[in-house]
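Shared between the two complexes below is chain A, which pairs with chain B and chain C, respectively.
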Partner chain A sequence: MQLLDIRNLSLELATPEGLICAVDRVNLLIREGEVRGLVGESGSGKSLIAKAIMGVLNNRWHVKADRFSWNGQDLLRLPYEEQRRIISRDVAMIYQEPSRSMDPTAPVGEQIMESIPDHVIQGVSWWQRGYFRKARAKALLHKVGIKDHLTVWNSYPYQLSEGICQKISIAMAIAKDPKLLIADEPTTALESTTQAQLFRLLASLNQLKGMSILLISHELETVARITDTISVLYCGQLVEAGETATLLKRPRHPYTDALIKSVPEFQPDLAFKQQLYALPGSIPTLQHLPIGCRLGPRCPNARRECVRTPQLEKQQNHYFSCHFPLNRSDDE
Partner chain B sequence: MIIRYLLRRLFLLSFVFVAATCFTFSLNYFYPGDLLTNFSGIQQIDDAQRQTLAASMGLEQSVVQQYILYVQRLVAGNWGLSFATQQPVIGEVQTVLPATLELAAYALLVSLVIGIPLGLLAAIKHESWFERTVSTLSSIGYSLPVFWWALLLIMLFSLHWGLLPTSGRLSVLYEIPQVTGFMLLDILLAPVPYQTEALRDAIRHLALPTLILATYPTTVMIRFVRDSMLEVLAQNYVKTARAKGLSRSQVLYHHGLRNALLPVTHQVGLQFSTLITLAMMTEVIFSWPGIGQWLISSIYQRNFTAIQAGVLVISSVVVAVNMFTEILHTLLNPLARKDA
Partner chain C sequence: MNNLLDVKNLFKTYQKSTGLFSHKKIEALKDISFHLKAGETLALLGETGSGKSTVAKILVGIERPDSGEIQFDGLKIDCCDHNATNRRIRYIFQEAARSLNPNQKIADILHAVLRYSTTMDNEQRQQKIAETLLLLGLLPEHANYYPHMFSGGQLQRVALARALILDPKVLILDEALTALDPSLRAQIVNLLLELQQSTGLSYILITNQLRLVRHMADQTMVMYQGRALDYAPTQQVFKAPEHDYTKKLLASSPS
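Moving on to the complex of A and B:
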């Protein structure tokens, strides 16, 4: 069952120099209970897509999509308020800088209680609601691995470490039992032990509750470890999407290939002090995006055809958009 | 932790007072004329009096000793006699200071009551005609010179329409004994038959100076609150709150208001010194019997004891209000407590 199906999502930023197409016709498909990774360099539009799904982009952004269906329901046909109601009921998001996504002047306990939606406490008589909310908030804290809920309860976000803040923001996110949890680089601010804890927590949420997760990261190796499927973005274009194992084993797009080769962990026969593979050049700025395939100027296989944007090709569950895909001989 | 913080603040406050008294003390040496006269304010001093005064002020001892005696006199309430009236200065300060504080307090109140809601609305209705109107008006109000604005309004309200009186605190028809020095309070406390009439008259006298004095702080408040709210609305936690499924009004009420309004306490303290300066000008224009007018006329009369007292009192009030709002801000705002 498809939970989220987005076709040709474009995000354009209005600037004095005109519209800049930061995200160019990206497709995203998430099935129920799936963990999907969204990988790309910083500036490739990963977070923008997440914010667009949540509907929290500011109004300088123009959002367009051909299809935006949630749980079989086409959200584009619904009025804005209705869209927001459905999304905020079913989708939750955790952010890169957890301490900045919490109100700095409100105690943590209050913020967690606030994120418990009203439908969770329906049927509880009104004089017990406060108590019920509090009990539930405490249970949430325990669930995300915070044992000492009393200290955390009355603390302000600045008094807590980033790791604890991230756990709290997960607690706030899962308070409404979302069908989809979007984790936008949840581990960048954390130490490696906390990172491991966090991924275990996400994995258990996925397995025990069947919660789908969209994990956004720039680190292919961490994403590869816990995801079922991966979408790779470059400069706001979807370059490749598919099941994690096949994608890693047989990448079809030169960018994915370069990404995999640049990770030492995926290169068992890498010699001592050998140079890692990297594409020449660097990611272009938003004002100077190349036409056609945006990887064009950096791509080792680029030819004249690449000035046209390649169509997304499909082979089984593997999507890629390249005129000259790699690993062709294996299929044909 | 709070106690430690308060002690540290008070310690700092005492330094400010030492510096202020050092300054006023040294003024006595810089003023022209007899040192004894400058200190005591007595104009004709005969020889016998001179002996006792010099002894009591320690003029034969070191400057440090003199300063200590000076501070002791200040604390004891012996601030010398006014050159002009030969009355104790402290008594005059006690009559004029409340008038200024009353005026400044009402102006501050008006600026908060009008400025905060307008600023908030301007931020919430960002990029609308309402915001543009408010911004334009506040820019105009911000740049209006107070003396010109005052004359303009006097011309309009008093001379042209004859609605409001041009000067003073109360019509001479009413006699109200001074208890607190705050006119409205005094009228309410006074056992006189014409209480309501006097009250109405006092409010009519207050209206114009308050309005004029409030113009500047109101515009500052509008701009400050608007910027503060816009900044808060762009923060990540507001987006998170939206993503939680809270409605716009819930987000504004629970997260926007508190975060945007907490810095206002601090802003009030910062604006207070400007307010007092403007109050002085307003007092001169409206012949308001406050400390500003008193101090300025003392300067014209070279009334040195009064100048000293005025400088000391005004600086103490400003510093104390500053300190008070800062402490209040620290107590209210958890983020300020972080650095405390």
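Moving on to the complex of A and C:
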């Protein structure tokens, strides 16, 4: 069953120089119980897509999509309040830099209690509600792996380490039992041991509760650890999407190929201190996007055809948009 | 071959006042010793609060150690004597964008470094700046740019230029590669490896990315609460870690 089905999502920013197309016709499909990774470098629009799903982009952004359906309902056709109601009921997001996205003026316990929605405590008599909320918030803290809830309860976010703040923001996100959890760069600020804990936590949420997870990161190697499927973005264009194992083994787009080759984790027979594979040049800014395939100027096998935007091709659940895909099989 | 940098028995405690008269002592470093040869890389691993940044701060003279000795090329040096030491040991910060003054052109930033630390005149300085920019794959025209006109990878190159313009022997990379995008990181890593080969530069690499440590570092030191646990050639640390903490740290990452 498809939970989220987005076709040709375009996000355009109104600037004095005209519209800038920051996200260009991106497809995203999340099934129930699936862990999907969204990989891309800074400025590739991955956080924008997450914000568009949550409906928290401001008015300067124009959201257009051929289809934007959540659980079979087309969200863009609904009035804004209705969209927000559905999304806030079913989708939760963990924002970047947890310690900054929490309220600095309130103790953590209060914030968690506040994040528990009313429908969870419906049916509880009113004099017991405060107690019930508190018990529930404590249970949430235990669930995300904070054993010592008493010290955390009365602390302010600045007093806690980034790893604990991250866990607390997960606790707040899962307070309403969302169907989809969007985790935006959850591990950038964390150390490797805490990262491993966090991934175990996300994996167990996915397996025990069947929660779908959209994991956003710029590092392919961290995403590949727990995801079933991966979508790779470059400069707002979807370059490749498919099952994690296939995508890593047989990338079809030069950008995915470069990403995999540039990470020493995926190169077991890389000699010590050997040069890594790197694409020349740097990511273009939004004001100077190349036409056609946006990887064009940096692509090692770019040809004249690349000034036209390539169509998304599909081969056995593996999508890629390139005129000259790599790793051709014999029958192509 | 002689050691370029010899650090012996470094101790450092911070005092934190917990009340009007009471203090709490935090032992940031306990008996840290290591050495670094020219053209080699030492990686410092550990969680926050393990003291790896304190080591870096002591080496560039931001902090003064309580006791211990630092020898450079066989001679004892005082790292807080910036005039004498800052051209040998240079430091790169985590975020290039925040560590460069947005009001100054790249040329002004680099000129200032040369003006304070060398006796070059204006012309020599200009020539040196152009040379350094070329070395790092930038153009001499970039000297007239402001930091906001660069992309992330180029900014990191500018930060590298600021560190390398004094021809240092040791470069400290304090999480300098963590925040970069993967394709840029590969570019910068390549650049660093190339510089190491051509000029014999030594690096002290402070990072959490184990695979990168494995790729770049000759020696690895694992630190935990101010103490050095494992200190051995990288291959040995990764293959046969001695301490439980190191095992846990290595197990947290795949590969």
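Everything below uses one rule, namely that the second predicted complex is superposed on the first by the 330 of 332 C-alpha atoms of A that agree within 3 Å, B and C clash if a C-alpha of one lies under 4 Å from a C-alpha of the other, contacts with A are read in each partner's own complex, and residues count from 1 in each chain.
Everything that follows uses one rule, which is that contacts are C-beta pairs under 8 Å (C-beta built on N, C-alpha and C of every residue); 3 or more make two chains touch, one makes a residue touch a chain.
Keep in mind it's a predicted model, so treat the numbers as computed, not measured.
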Let's test your reading of the overlay: on chain A, do chain B and chain C clash or fit side by side? fit
Return first, second, both or neither, reflecting whether A:204 touches chain B, chain C, both chains, or no partner chain. neither
State whether A:117 touches chain B only (first), chain C only (second), both chains, or neither. first
Can A:54 be said to touch chain B (first), chain C (second), both, or neither? first
Applying the touch criterion given at the start, work out whether A:41 contacts chain B, chain C, both or neither, answering first, second, both or neither. second
I'd like to know which partner A:263 touches here: chain B for first, chain C for second, both or neither. second
Put simply, what angle do chain B and chain C open at chain A, by C-alpha centres, to the nearest 10°? 70
Answer with first, second, both or neither: which of chain B and chain C does A:154 touch in the superposed model? neither
Quick check on the superposed model: minimum Cα to Cα separation from chain B to chain C, whole Å please. 6
Chain B/chain C common contact set on chain A: none
If you look only at chain C, which of its residues touch chain A in the complex? 47-48, 151-154, 179, 181-187, 189-190, 193-194, 196, 208-212, 214-216, 248-249, 251-255
So in the complex, the part of chain A that touches chain B is made up of which residues? 51, 54-56, 58, 85, 88-89, 91-93, 95, 97, 100-106, 114-115, 117, 156, 158-159, 169, 172, 176
So, in the complex, the side of chain A touching chain C is made of residues 41-42, 161, 188, 191-193, 195-196, 218-221, 225, 258-259, 262-265, 268, 270, 272-279, 282-283, 285
Along chain B, where are the residues that touch chain A in the complex? 234-237, 239-246, 254-255, 258-259, 262, 333-335, 338
